[in-house]
Amino acid sequence: MTLMIFFGVIIIAVILALIRAVKGPTAPDRVVGVDIMVTITVALMVLLGIFFKRRIYLDVSLIYAVLSFVGVIAVARYLDKGL
Amino acid sequence: MVNPSLLIAVPLAFAFSIPLFGLVSKKIGKYIPVVALLINVGISFILIPQILKKPAVVSIGGWSPPFCINLVVGPLGVFLVTLISSIGLLVAIYAISYIKEEPTEKYHMLFLLLITGATGIVLTGDIFNLFVFFEILCISSYALVAYNKDKEGTEAAMKYLIQGSVGSSFVLIGIALLYGMFGTLNMADIASRVTSADPTFLFISLAFLITGFGIEAAVFPLNAWLPDAHSSAPSSISAILSGIAIKTGVYGVARMIYTIFNADGILTFIAFLGLLTLLIGEMSAFRQNDIKRLLAYSSIGQIGLIVFALGIATSLGVFAGLFQIVSHALAKALLFLAAGYMIYRVGSKSIDSLSGLGRKMPLTSFAFTIGSFSLIGLPPFAGFISKFSIVYAAIQVKKPIFLVFVVIALIATVIEAGYFFKVVQNLYFKEGKNVDNVTETSGYIIVPMIILVISIIVIGIHPQFITGLLKGAAGELLGRTGYIGWVLGGS
Amino acid sequence: MSGIYNWMYYIASGGLILIGLYIVLVKTNLIKIVIGLNFIDTGINILLICIGYVRGRTAPIFSRPGISPANVVDPVPQALVLTAIVIGVAVLALALSIVIKVYQHNKTLNVTKIKGLKW
Amino acid sequence: MIFQLILIFIMIILAVAASLFKDLINAVVACAAVSLITSILFYFLQAPDVAMAEAAIGAGLTTAVFIIAIRKTERYEK
Amino acid sequence: MRRIVSIIILIIIAVGFIFAFSKIPFGKDKINVANYYIKKGIKQTGAVNIVTSVVLNYRGFDTLGEVTVLFIAAVGLGAVLFVERKIQKNMDDKEDKTKRASLILRTGSRLLFPLILLFGAYIFVHGHLTPGGGFQGGAIIASGFLLMYLAFPKQRINKKTSGLAESLSGLIFVGIGLLGLVFSGYFLTNFLPKGIPNTLFSAGIIPIIYIAIGFKVGFELTGIIDDLLERSR
Amino acid sequence: MNQIIGYIVMGVGVAFLFLGALGVFRFPDVYNRLQAGTKCTTLGAFLSIIGAGIVEPTWFLKCLIIAVFILFTNPISAHALARASYKSGVKLWDKSVVDKCKDFEECAKAQEDDK
């Protein structure tokens, strides 16, 4: 039950980030929105692992925790013309 | 008995090891495809007599057929494998000295993998595995079309890639729908359950699959990529694409219609589509001034003829269609190889610039002439027998609509004769302008052409060499209960 | 209301496939067309996975005791999708390299301005 | 259930947005977000292997490959 | 005009989808052939993760094809973007002034790079126990190299070594398949002892093939990124 | 007992996640949004993952690894993004008071000093 409330809050947070990602006037704004979405998703996946009661599911969120910033850095290095 | 899975494993192993051989010497790389395909040709010639006695079903991984991927080596499979590896071998010999553009090592790897993909398509008995090999074939041909890195080549490759990957997505959608309905991926297993399903559903999945394979086979509304891709690729690759790649697309369509779905209802429609493809291909070829584009459009026409013959769906019709596959593969490979070398020597693709070459390059021009005569269907060559048997089969059906079709096909043949005679006349009976320092070639270039010429003439004079195999293959395509029995009952 | 629950994954996959096809057919920018091909692949992957899903069952990994074979989803579509994802990535990389080459020859990405790409 | 429905609508919105953006960087970023949501959906459908593959590809590699391609070509769709 | 035609095509396809999907109920049990894998998978292959055993044992041929497809993409990309060595040198000189990344990024990526490699290796070694496997692990390793490329634009991997590793691991895969053919008569058979399920050293050939695939995929994806970055500036 | 503590920690984390997302939604320019986004969501994700580890004690090690990775990677990406958006010429909000980066003669100059 508590988990359900958490999921609800997280979904609202994802929607807020989505609005920023779609609306944001400049490219960095959108990247910020998507980056936030990824971070929230890592937490969501861990909570879902608790919900499904499978420990092995944590590996997926571990991958996002490790790798999500590579994409953001790629965009950032493009924007400051270093790539 | 040789295990047929070697037919796929050996070329793969050789292709993976080309960089290792590259350590020893840079020059070894170009002989590797020849060696690998020589082994393949040997294996397939050993297999032919055994397979004609008893078809082989080889499981991979050691479990019984519906639960694992299996190779079904029937008469059709072994016939197509022999064709693919022989043509591949000849083109590989040709490519040894034809390909000079760097990086040659990568060209030979991609070429070998393309042949492997085609071999896998015709052998496998599992529908998803068919998709995987189809992708191997497609992706390596995208890369090879763009191999010259010039403007036309990259644009043609882009066009081919976009349409081809939409097509393979459609194939995957069809496979997904079939899996959702039947819960199995083995083609024989699906075929044995297909009657229990809803006909609308079957029609939709068949439509997806045929659209997907039809893009690779270049059947009429889906053939926009072919002229560009075939005309701007390196000539050896054009020969492979025209001779083999589109035939595998036709094989896919035929396998879906005959074996899996048993869809008799759409056969007349397929024949009609083939006829339309034939007409459009020949009419567009007539207007071309670029020799490779002319050959590419002529390929569209011939594919239409093959599809038309397969759409007749009597054993004689399917036999004629398969015969046409052989004669077209031989003749078109020969034409592309000869034309490629002429273009290389002259430096221009237009037909006018080739005039007068008949005296300067007698062997190549002779090969070109033989190839075009065979494609038109003049008597002593292989093309005559295949075209004659297609017409004969269509008349035998005794439906009035097929008579109309035959008349249209004959008109298309006349058009074809027109433009090929124009080219041949250009070669022999016109004064050349700037062909003075063009000389005849020798060595690796001329050997495959001579072999192709000899095989066209031999098959034309004595077709009994292959009719037994072709009859067996036609029997496999039409007899789907036999196919199901080999796979599911034989274990 | 239960109808939408039964259809939502089909809506997701079909929607992605249709959006991808729309991009491929209508848009004129080459990189955007490649994005469309990527969407088609993703849509098909979702379709395959949701065909293999069975409500109320868990993943086919018997990592802890207490998971009975009658209680797992279909493993075959997952294996197929793994293959399909790899193929999608391969096509994507090759497509982008050819796009770069086309740009070097034409200095534009617009399909309507490239002569060899009109269809 | 309702969460998955919302996620699916988010995904569709992002896909449509990716097709509408004129700036290709934005389209690529939206593409990465679609891959993220897809990964969550695979997770919901009990396919951790596939979710992992989608994560490993979609998180860094696809975006980077697209960005490099844009760097070599041009940024805005005209 | 083009838009109208394509929308008509899309509507036709959508109607086809609706008809087809209505025949496949969502979430119902329609497992047919896969029952065999679920029931007998652990006993026959020794892998706890049934997806792994399907990928590498029952449908191992697909995986061989998949690896080949990625190999083709890497080779084809190298062929398409190939530039002669001399021209490339000149271009490198021109691009000499590529801007450096900031200190934080450089330090951070130097710190994270070995961890990412370790994590990738963990993923593909444990492929038969937890979700993941060769492909995922390889992609993670490639992401690690991508991070280094982003932080240090001038450093490059050694193409020759990576190419050799690529073809060696491909040969290992095919070679194991051929060994199966020699030992038990079927291509790609599991000929090693299966061990106790749910331990690291189990499942016969699966871990070996996954390690080979992991290296192959990792080096191929790295090679793809390297070719894209370096060639054809 | 650890269930209750875990859920409380998790709840705090989720609240921080929500606030971070709200900040990203509401704030006026990129730099403010990055500020809200990175700080809040890093803490939020950290707390909720640790909370999950407390709820299921056998998972604690893996959860800790995930949380530590989040702590490492998020600031790096935010830093790179802020720098990139400054260099690519995204303007500050017109009511911002401090612009330290302008105090240096040029941002690129500062980078040279890094060597």
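Every chain is named by a letter (A, B, C, D, E and F) in the order it is written, and numbering of its residues begins at 1.
Rule of thumb we're sticking to: a residue touches a chain if its C-beta (ideal position, glycine included) is under 8 Å from a C-beta of that chain, and two chains touch if they have at least 3 such contacts.
According to UniProt, the chain labels map to these proteins: A = Cation:proton antiporter.
These figures come from a predicted structure and were not determined experimentally.
The chains that touch chain D as well as chain F are A, E. Averaging Cα atoms per chain gives one point for each, and the point farthest from that of chain D is the centre of B.
Between chain C and chain D the centroid-to-centroid distance comes to 10 Å (mean Cα coordinates, whole Å). Chain geometry summary: the mean Cα position of chain D and that of chain E are 19 Å apart. We define each chain's centre as the mean of its Cα atoms; on that basis chain B and chain E are separated by 30 Å.
Each of residues 28, 46, 48-49, 51-53, 56-57, 59-61, 64-65, 68-70, 72 in chain D touches at least two other chains.
Of all residues in chain F, those that touch two or more other chains are 69, 73, 76, 80, 83. The multi-chain contact residues of chain A, meaning those touching 2 or more other chains, are 14, 27, 31, 52, 54-57, 59-60, 62-63, 66-68, 70, 73-75, 77-81, 83. Contacts between chains, counted with the stated touch criterion, involve the pairs A-C, A-D, A-E, A-F, B-C, B-E, C-D, C-E, D-E, E-F. Considering their complex, residues 2-3, 6-7, 9-10, 13-14, 17, 21, 24-31, 33-34, 37-39, 41-42, 48-51, 54-55, 59, 62-63, 65-67, 69-70, 72-74, 76-77, 80-81, 129-131, 133, 135, 197-198, 217, 221, 224, 227-228, 232 of chain E touch chain C.
Of all the residues in chain F, the ones that touch chain E in their complex are 69, 72-73, 75-76, 79-80, 83, 108, 111, 114-115. Residues 128, 132, 135, 139, 142-143, 146, 149-152, 154-159, 161-162, 165-166, 169, 172-173, 176, 179-180, 183, 185, 224, 228 of chain B are the ones that touch chain C when the two sit in their complex.
By the touch criterion stated above, chain A contacts chain E in their complex at residues 56-57, 59-60, 62-63, 66-67, 70, 73-74, 77, 80-83.
Remark: chain E residues 99-105, 108-109, 111-112, 115 touch chain F in the complex.
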